[in-house]
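Read from first to last, the chains carry the letters A, B and C; within each, the first residue is number 1.
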Amino acid sequence: MSATSTSYTPMNRQVPWSKIASYAFLLLLAVVYLGPILMLVNTSLKTTPSFMRDATSVASELNFENFAEAWEKANFPRYLLNSAIYTVSATAIYVVTAVFVAFPISRGYVKYSGLVLTLYVIALFLPPALIPQFQLILRLGLYNNPIGYILLFIVNPIGIVILVNYIKTVPKELDEAAALDGCGYFRFVWSVVLPLVRPALATVVVLHAIGIWNEIILPTIYLTNKDYYPITRGLIVFQGVYGSDWPVLAAAVLMLTFPMVILFLFLQRYIVSGLTAGSVKG
Amino acid sequence: MRKTALGTFVALLLLSVALVQPVAAQTTLRVLVHQNPPMVEFMDTFNQQFQENHPDIVVDMSVVNANDLSTVTQTRLSANDIDVIDMFGFANAVQPYMKNVDPPNWQQLADAGLLMDLTDQPFVANYDAATIADAGTYNGKVYEINLGRVVYSGIFYNQDLFTANNVTVPTTWSELVTACETFTAAGIPCMTAGGKDGWPIFVGAYGLIGALYPDQAALVEGLWTGTITWNDERALDMWSKMQVYARDMIESGASGIAGDAAPGRFASGAVAMFPGGSWYAPAIESAEPEFEWGYIPFPGSDDAEDNQYLFGKYDQGWAIAANTPNAEAALTYLADFSEPENYQAFVNAVGFIPTQETAQLDTHLGAEVAPYLANFRVGYEQYWVAPRGVGQYANPWASYFQPFGTFDDPQTLADTVQADLQSGLDAAGS
Amino acid sequence: MTYHFGRGRSRWLPYLLLLPGIVAYFVVALGPSLATTLFSFTDASGLPGAPVNWVGLANYNEFLFLGQAARDNLDAVGRTLIFMFFVTTIQFALGLLVAVILNQKLRGRNFFRTLYFMPVILGAVIQGLIWSLFLYPLGGPLAKFLEIFGARSEFLGGPPTEAFAWVIVVQIWANMGTTMIIFLAGLQTISEEYYEAARIDGANNWQVFRNVTWPLLTPSVNTNLLLNVIGSLQAWQLFLILLGYRNGTQVLGYLIYAVGFGQTSGSVTSSFRQGYAAAASIVLFLMVLVIGLAVQYFLRRREMRLMG
């Protein structure tokens, strides 16, 4: 293993203590991270009486019926589709508008760039505004309407701040060169900047999508037609009798999480590789 | 790849628009209820039947968490997107001796003119007059029909465990203490409660308050006017008993049990007793139909005479939005619901103590509470409205004691509770 | 900054494309928040048709000064600060340590990175459910572990201080991944050459970290500190799911939610009081703003000192 060490690990002496310590630490932490998640998976495979008898014992019965029951009860197929529609559309709209806000601010291509950025930083602190926001959507005639619901999720200041900072690592010389080649502003941002900021974009997409996917309160307030429910709203059937039925609830939660985990695994090479600035170091 | 993403997005957007299909020219009656599985199940059946009888009406019932009910009622009234309203606890009216209080939700709704006046509706007469007066009338007008009462000051007990351990059903506090000691010595936890939800711990001990303060309307007035305090001698007796209840009687680990898992735990036969409301009876029965249980008033006093009352509250009720465009359909809905046979079916499903004189609670629970029904009283929770400025400990709750809370000494807790209450009374200047 | 993509009418293109984002920001976020500020000076119940009166500072006066309730609110403010302190320091330190370790070439490092980031994907509700299950006091994994030592605990249902400490643990567990990722990004912008130069000067691991890594990591340090401070000050969902509204555990963010949704426990009744709830949320806003700006100011000065 010591063969893989590089300049940033201690000099290769006989025993790589520092490496051993690193692994020990990582494994210890992994237990804290895996433990609760494994407990969830294990619970989802138990029967309720078995859970009542011994909550922790290994689920030898492999009771997959919990998944079937949760799927049925929470109306998963229909509501999953709605959740996907909301998450994909709102994230897409948000990311596109965010890039066109972040790029000119980062470059100073618009007047008062500093002021606009400050506005977004202040937005990080803004108080929740449940009732005024509700009145707004209502007056716009978009209450109980998927479009109105999507509208609630097209602003997210953190993403703007991340993008502005990241775009600074894209060399400014690129702009000039592209312009000389006759590339227009829109095409430059769309086909040159976008690919270069993919790591930051991936992070923003994941963070934003997670927020929409997992939202529990807003759908209760804004969407009263059952045809529009996202899956989190469907999970309400597990409150009450099923709220205590840990195995079925665990199965439902696992299924709810699944699409986000897939999205994450799909984008993770950008994200966990550490948003690397790669070739475009600033 | 980006083009595909955009394409997918557009496709999904179109799809979402396609899903918006307005229903044909029928009346859609919008009903909002809170999540309570037996009730929701009954309502689904009832709605089906209602639609068959009234082909021109479609019932659109949505279910929300009990916690979100008041907020969603508010937003849906704002949007004029609701016809039939599910309301809790139409009681706690602000009394003349109360100052500097916020009127409860239902009173605010009535004051804002958002509830329809039901006074002259014939179906109101199906309910007993006392209920309509106590839990439905405000400023001389009827705004709600209340669907039933629940008892919350009793204890479910496991008959087999009592027999097997030679324990007789306790009628006094000291008998209860002895019973618990016997069970604990035999390795059987004495009581369980759904501690995860918080409130079942203190609601479980409401019987203790009842045994010591049989007239709870007088209790509330006394607290407001200062003739009763939470740290006087009688209250100290209550706090000492609550400590025993929280510390010694409730099984350890109870704080992890969700409110609706507790009946299952009790029905599994693992614990001897389960202090809680009558609403748990259907869940106990469905968890273990063969299980033999009884229900007694919580014996909070050493004088058995004091322990014969059951305390409770008015539960769910129906009201109609004043601005509904579907007034006729909404009234028909309540009229149908109030038909004695439908109401009886409702009571059978949810286990409420009926508020229609002709209806009967024909369940095992009904038989268990029957001897005490003459002594049914509305409890503290239904009278109490706190002044602004009261502290967070201004209630007679057993959950303030360890292991659920921080307090370990009845006197200290009693003084804290009274100080927290006094602070609000002082601010109200009464 | 010189603009290269044309003059005249086409100079307006960046503004045009910026517009949708800005408009959305003003309409959906800033506008309603300003309305909340106005609300906080009224007795609005939030019900349609109910009269709304201007009450000046009465809501603020009640929230901050009226009786024991106000003292309880101030306790919640104090608790919010305690929560912020522990979450920020521990999450920051742990995230940095993990990032430094995972920046080495270790076998399985992508696995560890993915694992530590995983909770972020789950969202607050599921994070809370997972830990309620993990801390299940009737024979859950941790209860069993304690049993080995003959100890027992009610965990989330126990005394407020202990329950509160568990929320800190879960909050850190849930969000350490974000801190780690931001640090990893920062670490990867530091060129190998700096490390080599330090090694040649005979610096040990600690000296390399102290004199090379730490100063060059300044941008990530700033981002992380700010995000941790704001995130922990505004946190409330985990409190809702793990504890519910329990005496001695509330933080300001949860208090506001509870007031807004009529779920406070000081009284057994609930009322519609959107004006009062708005005042409470403005108090939180001001607190976050002041602390956030102070942190910003402190970090700027540090950055200027380091970068010259």
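Just so we're on the same page, contacts are C-beta pairs under 8 Å (C-beta built on N, C-alpha and C of every residue); 3 or more make two chains touch, one makes a residue touch a chain.
Given the structure is predicted, the values throughout are model-derived calculations rather than measurements.
K.L.:
Which chains are in contact with both chain A and chain C?
P.N.:
B
K.L.:
If you average the CA coordinates per chain, which chain's centre is most distant from that of chain B?
P.N.:
A
K.L.:
Indicate the whole-number Å distance between the mean C-alpha point of chain A and the mean C-alpha point of chain C.
P.N.:
16
K.L.:
Taking the mean of the C-alpha atoms as each chain's centre, how many Å separate chain B from chain C?
P.N.:
Each chain's C-alpha centroid was found; their separation is 35 Å.
K.L.:
Just how far, in Å, is the C-alpha centre of chain B from the one of chain A?
P.N.:
Distance between chain centres: 38 Å.
K.L.:
Can you list the chain A residues in contact with two or more other chains?
P.N.:
135
K.L.:
For chain C, what residues touch not just one other chain but two or more?
P.N.:
Correct list: 46, 136, 138-140, 260.
K.L.:
Got the chain B residues that touch at least 2 other chains?
P.N.:
68, 71, 78, 257
K.L.:
Which residues of chain C touch chain A in their complex?
P.N.:
1, 3-6, 10, 13-15, 17-18, 20-22, 24-25, 27-33, 35-36, 39, 44, 46, 97-98, 101-107, 110, 112-126, 129-131, 133-134, 136, 138-141, 144, 173, 181-182, 184-185, 187-189, 191-192, 195-196, 199, 205, 219, 223, 227, 230, 256-257, 260, 274, 278, 281-282, 284-285, 288-289, 292
K.L.:
Note which residues of chain A are touching chain C in the complex, please.
P.N.:
Those in contact with chain C are residues 1, 4-10, 18-19, 22-23, 25-26, 29-30, 32-37, 39-40, 43, 54-56, 97-98, 100-101, 103-105, 107-110, 116, 119-120, 122-133, 135-136, 151-152, 154-155, 157-158, 160, 165, 169, 172, 175-176, 178-180, 183-186, 188-189, 199, 203, 206-207, 210-211, 213-214, 216, 232, 246, 249-250, 253, 256-257, 260-261, 264-265, 268, 271-277, 281-282.
K.L.:
Which of the residues in chain C come into contact with chain B in the complex?
P.N.:
Against chain B, chain C makes touches at 45-50, 62, 66-72, 132, 135-140, 143, 152, 154-161, 244-248, 260-263, 265-273.
K.L.:
Could you please specify the touching residues of chain B with respect to chain A in the complex?
P.N.:
Residues of chain B touching chain A: 2, 5-6, 8-9, 12-13, 15-17, 19-20, 30, 35-37, 40, 60, 62-65, 68, 71-72, 75-76, 78-79, 81, 194, 257-261, 264-265, 268, 283.
K.L.:
Touching residues of chain B toward chain C in the complex: what are they?
P.N.:
Within the complex, chain B contacts chain C at residues 67-68, 70-71, 74, 77-78, 80, 89, 92, 102-105, 108-109, 111-114, 195-198, 252-257, 381, 384-386, 388-395, 400, 402-406, 419-420, 423-424, 426-427.
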